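Note that subunit A is present in both complexes that follow, paired respectively with subunit B and with subunit C.
So, the complex of A and B:
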């Protein structure tokens, strides 16, 4: 498995877009990891009369917002939160999707039909609307619940993918051989089928990170996701609406960081996909 | 059963299951819509009782479900909390604006987007292809609300070239038709561009892949060998055969549009369903949110059904399975 990981990494690294994505992502992750220790408290306010809406300059590299808080510090902390949410939710989503897909693929008939019709229906409800409905009732949703909600609305595609592969593999010789040797359903699913669907799952998961980051930013922008004073990228754009004409730095930088993050994740995801399925290149 | 009947039945079943899921999702939530409703203004228990009756929360679950389903199928979602008017009326009022915006974006995506995708396939792996791929991915990575804000900052606030919000200037009644049309177009430009920029990547990418497949086919090489012009080979042979599979894109692309419209309409104060939804979310206007969720679902199911039908019309293999 580590050999496979190594080969995959090399394949992504070989592609200029993949390398750019990996490098950008590594820099962003590093910034999110150590930045908060070197920057002022993102919620700290200075003197509102003299310290608010300062343009980018020596004291505050990216300026301050209307509450005199350091924009750079808020952007870095927001980035950290976005990455954590994106990664956790995408991983959870892939786990749910793989589980449902394996069950549906291994149990043809009623279970399969029931699960897949449900997935069809879930795919028909745009993800944002489900989240709006839930969050409108669930005022001040705790962060773990928000992550879980993002994961619970993000697994449908993966489950279809895994089911299709499971159905295809079920009649392969190596699976039948394992059956003949007395391996149980669970063992076959985990040891024989799962490793063979790992590649498409990895691609789906990577692209899922970008989707989650965008979705969370959007929900927060609509006032439903992360609440102040926790710094978040979407929340910063929302707050900047009142002052963006005179203090554009309050909205430019958080947005740029979202674009950069999602773009680099997607570049890596694309390179992965090309490496695993050369036909799509 | 014919293919069409089967596909239509499937669409109906999908929509019904989706409605059922929406209903139970809402009923299983930990919060109480009435609690949020009455957050800032204390209600007497009589008022709460009245509200419960009005939203049928005092009925058994089965009765509520039947009422919800029959209501949804008739387009009746009750009264908006914010506006105090029927949800259906509000939605119908706003629908034309959203359709206008959506149609313009659709046009951009399915002309410019497909053309760009073909160019990418023709220049596969070369700098033009790489540049277009990166640009479209950057667009896809952009939060639409942020891109909209940036465009307003540049074109409306800084340079005063285009209006920042709304769909028309006030006080144009009695103006010439040309003035009115120009005014509408000026208002449409920024929202349509924003929505197209964040959604065009999927049309480009899909067309690129389909076109690359088509270009690999032997009959394309044969057409070139027969001495047909490059233009005829590319558009007459390769692109035409790639078209059916590109049409399925419409079904995939519609959800992106529906979601994008919520943010874009909100930023540009475009008085359509999207901004109505964003406002309903902010105001916790539950009936209105449910109405727009059902409408969005209906749009997605219809879109994917229509694209499958178009696909089948152009490619008979689909019908015979």
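So, the complex of A and C:
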């Protein structure tokens, strides 16, 4: 497995877009990881009269907001939260989607039909609509619940992908050979089919991270996601509406970080897809 | 003494719509003795591979082995086994080697993983014990530097080596019977001989019985003790390999020999069999070979049974033997 990871990394690194994405993502992750330890408390307020809405400068590299909090610190902490939410929600979504896809693909007939028609029905409802509906009713949703909601609305595509691959692989010679050696259904699904669908799952998961980050930022901007005082990128843009004209740094920097994060994740995802797609080789 | 594997009236059915079924394997009977090699010979589409799969009850859906079939392994009736018990037989007591080693190995798992998996499927041993066993199996099937090969992936191996790995996997649980379905068809000629040599050696060393499924008479010669010639889902000739090669009794078998060029002897034109194997939906009601047979006569409109051609030699042809 480590050999494959290595080859895959090399293939992504070889592509200019993949390399740019990896580098940007690595810098952002590093920033999110060590930044909070070196910066002031993102919720700490200074003297409101003299310290609020300071432009970027020596004391506060990216300036301060209307509550005199350090913008850089808030951006870095918001980024950390975004990455954590994006990663966990995408991983959960992929695990769930892969499980449903494997079961549907391995059990043709009633089970398959039932699962896939359910997925079809769920796909017909816009993701944002479900999220808005639930969050409008559920005030002050806790963070784990928000992550779960994002995951539970993001697995449909993966399940169809994995099902299609499973159906194809079920008729491969090596699966029949495994049957002839006495392997059971579960063993074949987990040991023989799953490693072969790892590639599309990886691509779907990576691109899913970008989707989730964007969704979370959007929901928070609408006042439905993460609530203050927890620093979040979407929340910062929301808070700066009133002062945007006079203090643009309060929303430009969090906005830029959102764009940069999603862009780099998607660049890596696209490079992965190209690297794994035999037709583009 | 009862034979190790006794197959009687094996019949595989497939629904083809409108309530009709076809029988691509239609009443096959043979016996396989310990330590011997039985060859199942026939053109593609004659049902020989399906026969091999049917022995493990692995006929692809929606086909099935008719319940009236008898498959007796060392006196035990496999048709009465449940799925759980069948899994123990598959790989555990009957190993199988498939035609194409390029596609029969999982491309994303290492060789060691795949052999160890086969070991652990039938035996309660630790992962490291299974890997040690995998290493000795690789050595047994003649792979140099087995310790290093364990960590490699199938694509790093040549076709011949992969087939050796497949054989190692099939041997992992020390089965009593090895079914080899066209084990050399996908390989280079030079490698073919080595693989057949290996199968022979393993059979002698382990006292296994081998069911060799092939279309290639050259593979059968000198390797198989007995052979069954299959045509259109039925056995048309059955005898020791020597008997069949010396005096083929069935016109189809003679046709097969006539289609193979010989290196020694005078140069002759090949005499191929006219036409091709009909699909199971278009089998004639009488002798199934009759439409292609150069010797057909009036009686061929009814199906002959296997008739005695000599001691231990049977042929499904009205021209065989003296009985009416």
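Here is the rule we go by: the second predicted complex is superposed on the first by the 278 of 281 C-alpha atoms of A that agree within 3 Å, B and C clash if a C-alpha of one lies under 4 Å from a C-alpha of the other, contacts with A are read in each partner's own complex, and residues count from 1 in each chain.
By definition in this document, a residue touches a chain if its C-beta (ideal position, glycine included) is under 8 Å from a C-beta of that chain, and two chains touch if they have at least 3 such contacts.
Small disclaimer: the values here were computed from a predicted structure and weren't measured.
Aligning the two structures on subunit A places subunit B and subunit C side by side, free of any clash. For subunit A, the partner touching the most residues, choosing from subunit B and subunit C, is B. Superposition on the shared chain A places subunit B and subunit C such that, viewed from the Cα centre of subunit A, they span 100 degrees in steps of 10.
In the superposition on chain A, A:182 contacts subunit C only, with no contact to subunit B. Of all Cα pairs spanning subunit B and subunit C in the superposition, the closest are 20 Å apart.
The part of subunit A that touches subunit B in the complex is made up of residues 16-17, 117-118, 120-122, 124-130, 132-139, 210, 214, 217-218, 221-224, 234, 237, 240-241, 244-245, 248, 251-252, 254-255, 258-263, 266-267, 270, 280-281. Subunit C contributes residues 53, 56, 58, 87-92, 95-96, 98, 100, 103-109, 117-118, 121-122, 153, 166, 169-170, 172-173 to its touches with subunit A in the complex. For subunit B in complex with subunit A, the residues that touch the partner chain are 13-15, 17-18, 20-22, 25-26, 29-33, 36, 39, 125, 130, 133-134, 137-138, 140-147, 149-150, 153, 157, 209, 255, 258-259, 262-263, 266, 277-278, 280-282, 284-286, 289-290, 292-293, 296-297, 300-301, 304. Interface residues of subunit A facing subunit C in the complex, by the touch rule stated above, are 3-4, 172-174, 176-184, 187, 191-192, 195-196, 198.
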